[in-house]
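Down below is the structure, laid out as structure tokens.
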Amino acid sequence: MSYTLIVEQLLNGVQFGVMLFLMSAGLTLVFGIMNFINLAHGSLYMAGAFIAASLISVTGSFFLSVLIAVAVTGALGMAMEIAILRPFYARTHLDQVLVTFGLILVLNEITRLLWGPIPVPMPLPAYLAGSVELFVGVRYPIFRLAILLVGAVVAVGLYLAVVHTRAGMWVRAGAANRPMASALGVDVQFVFLMVFAVGAALAGLAGIMAGPIFAVQVGMGEPILILAFVVTVIGGIGSIRGAFLAALLIGIVDTFGRVLLPPALGSMVIFILMAAILAWRPSGLFPLQS
Amino acid sequence: MSLLDLSTGLRTRRFGAHTAPLLVLIGLLVLVPPVANFLDDPFLIKVFTRVIVFGIAAVGLNLILGFGDLISLMQAGFFGIGAYTVAILAYHEVNVEPLLGWPLTLTGTTNLAISLPLGALVAAVFAALAGLVCLRTSGAYFIMITLAFNQMLYYFFVALQKYGGEDGLQILGNLHLVGFDVAKRVPFYYLCLIILVVILVLLDRLVESRFGMAVRALAQNERRAVALGIPPLRYKLLAFVISGAIGGLAGGLLATSQQFVSPADMAWVRSGELVAMVVLGGLATVWGPVAGAAVFLILELVLSSFTISWQLPFGLLIIAMIMFLRGGLADLWLFVMRHLRTGAG
Amino acid sequence: MNDILLEVSGLTKCFAKIFATNDLCFDVQRGETHAIIGPNGAGKTTLIAQLQGELRPDAGTIRFDGRDITNDPAFRRATLGIARSFQITSVFPKFTALANVAFAVQAQAGHSFRFWRDVSGEARLIEPAREALELVGLLDRAHTAAENLSHGERRQLEIAMALAMRPTLLLLDEPMAGMGRGDGARMIRLLADLKRSYTIVLVEHDMDMVFSLADRISVLVAGRTVATGRPEEIRRNAEVRAAYLGHKS
């Protein structure tokens, strides 16, 4: 395997990992804090991509479309939480799984009705298309570099926000002990709503990033959702740091696995890795509660 | 010493709650082919074959879901393993090539007496391996990990280009049961029904046996069961393996009835559907999931005949079911029975 | 035959820099009823959990009937003869009272890999279960689901389940917790009965009960025993009175 290929695949792996992190961050927070399993998280990923794609064709501005789409997806997440999901925090995981499963069916079908069954194109603006020479002999697409950059910034920002700000402290307090936090004046309901909204926005952002590379089509969210679950499980539920490291690990392993191994094995490699890690550490690598 | 049903009380209660509806259900299912014949609608038999096959998979799932409180999203994976086992073995017989090389040279077969149990066995082995990983983790992790394993199996079969990959594998040989051509509609229907009844009887005994009580105790209060001296992993694992094997058996029947198998039959969505069927039918009884499968599949059929976007009202119905229907159809039945009894006496 | 059934030495358990159990030593003699008292937060339930095996200590040893059980998992200790009742009632809510106790009997019988025979037909399980229920006074509620029993009845059920394990050592964590007067009196009579046949380690706050039933009392403060002795000695111990009993004489 040539040097350029290795570097290129490594970058691809990290970029994929960054995307997975954006998906998993929302999942792991929602699960770690609200003890809520959300299968419909993938639908938010899909929503972000579709909304951005449509906005691009309407407004012509990539940057603006991305901003609006992320915000709208966040709002969509809030709507989901308020309208349907809120009563399920107290209910069993089984009920949560089924209600979000039903939601996936509904949202996929609505998307199909609004946009049709054919994948929607998501063209890149000139300043993001094309590639740039990183160092000797290695050319890399600008858009993928942009993803890496944005993803890294968001990851750092998220970490700082959760660990080093007062809002973050409220979030962690609400997770640790809801009634107590509530009694101390933290508006737990609002905190949960915001966590959900941020998670949704991140998922939407991940979807938008994926749009130009993969296809924007109905059902695009679910395979990524499952990988995000793998990241969450390996990283340890509730842990942002764990999600980040696990996402990078999976992104790189998956990318190299697909390149180096025959197809049957390549697609399975992550799951085998997950099984191996869980056999060694059943609670994940960095669980919040040991 | 009189016979007591430990979980619901006296023997008469057990009859009304469990045995009677089971007999009614079986009776109705037995009558499907003659009714179909009378109405000159053979499609009805195909529909109910599918109901029975999914019913078997759902009943198997309920062993760990309802009785074991383990929310598995990989039952469709076992379904697929069983289905592909039958299909692949048939492929190798038709194409007269051996499966694998020396020293494991196996020839294919279209004999269901071999490929059905083999499908269940392969599923059981995979369940054992997967179970060793997932069963030592907590409830929520378990859900996510089973989902991931289902996806892994899906990708595996998609990648098997030799056996059709994403397009699926047609079964061209004549599947038979030790010579009897069971691929014909009516005989196959009754074969499936017999298998369903046998499994229902076996599971019914199982849940009230010592093993069943251990699994149910672990589901209700694992901490307590462990304090009493029950090592949790081995019982949950065996239940998981049995559940997977039943799923594999059902998968083999599915492949036979469709004469076709594809990865879509084992996608994680199918696992979600099986969970929905079990919950709809009611988690507390062994027979409930069959009713759940019937309602679910028939509803799917009816809705899809009205609109191509049937998944929209279907999803809404699932959401409504979870929001308003606490317990399932079987629980509804038990509720009615209890009221009839207290009303009358 | 060794007089000492349970011997604990140097037991230490630390949660995030707080020593719940701090170099704790005590022993229990065969046949005695040994009460553990102490202020809230002294580490009484943590101690019970380590004796039963739910928690592993960070340091120290536990010897049961001469055998080092410090690293034995909970289910093994159960088969060795250690039975525990929980501070917050822990039963199987959907099983009837009879099924709860029958299951405790079943758990003692080795493995549960029997797949065909209905347990309700197994006299070997049902008879001892009925006996235990009768002993605690719950026989008339045998066919009621545990979740439908009153709080006091569920506490009795806990004890019945512990008894069905044919234990050598009973670890009772606040059996009087949440009991009203009638239930409480019944529980005291039950324990007085059990005292004659079992070695009991009893964590309790109800001082009347402790002083009337215990052969010896250990006082736990901040994770270690500050005093051990017969009830009269403990009552007279000035340190203990200051730290815990207050101004009662």
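Here the chain labels run A, B and C in written order, and each chain numbers its own residues starting at 1.
Please note the rule applied: a residue touches a chain if its C-beta (ideal position, glycine included) is under 8 Å from a C-beta of that chain, and two chains touch if they have at least 3 such contacts.
Here the structure is a predicted model, which means the values were calculated and not measured.
Centroid analysis (C-alpha atoms only) places C farthest from chain A.
The most central chain, judged by C-alpha centres against the centre of all protein C-alpha atoms, is B. Here the CA centre of chain A is 33 Å from the CA centre of chain B.
Averaging C-alpha coordinates per chain places the centre of chain B 43 Å away from that of chain C. The geometric centre of chain A is 48 Å away from that of chain C, both derived from CA atoms. Listed in rising order, the residues of chain A touching chain B in the complex are 31, 35, 37, 39, 84, 87, 93-95, 97-99, 101-110, 112-113, 222-223, 226, 229-230, 232-233, 237, 262-264, 266-268, 271-272, 274-275, 278-279, 282-284. Those residues of chain B that touch chain C in the complex are listed here as 1, 3-7, 9-10, 205-206, 208-214, 216-217, 220-221, 223-231, 235, 238. Within the complex formed with chain B, the residues of chain C that make contact are 52, 54, 73-76, 78-79, 84, 86, 90-96, 98-99, 102-104, 106-108, 112-123, 126, 143, 161, 165. Those residues of chain B that touch chain A in the shared complex are 65, 71, 73, 130, 132-134, 136-141, 143-145, 147-149, 151-152, 155-156, 158-161, 268-269, 272, 275-276, 279, 309, 311-312, 314-319, 321-323.
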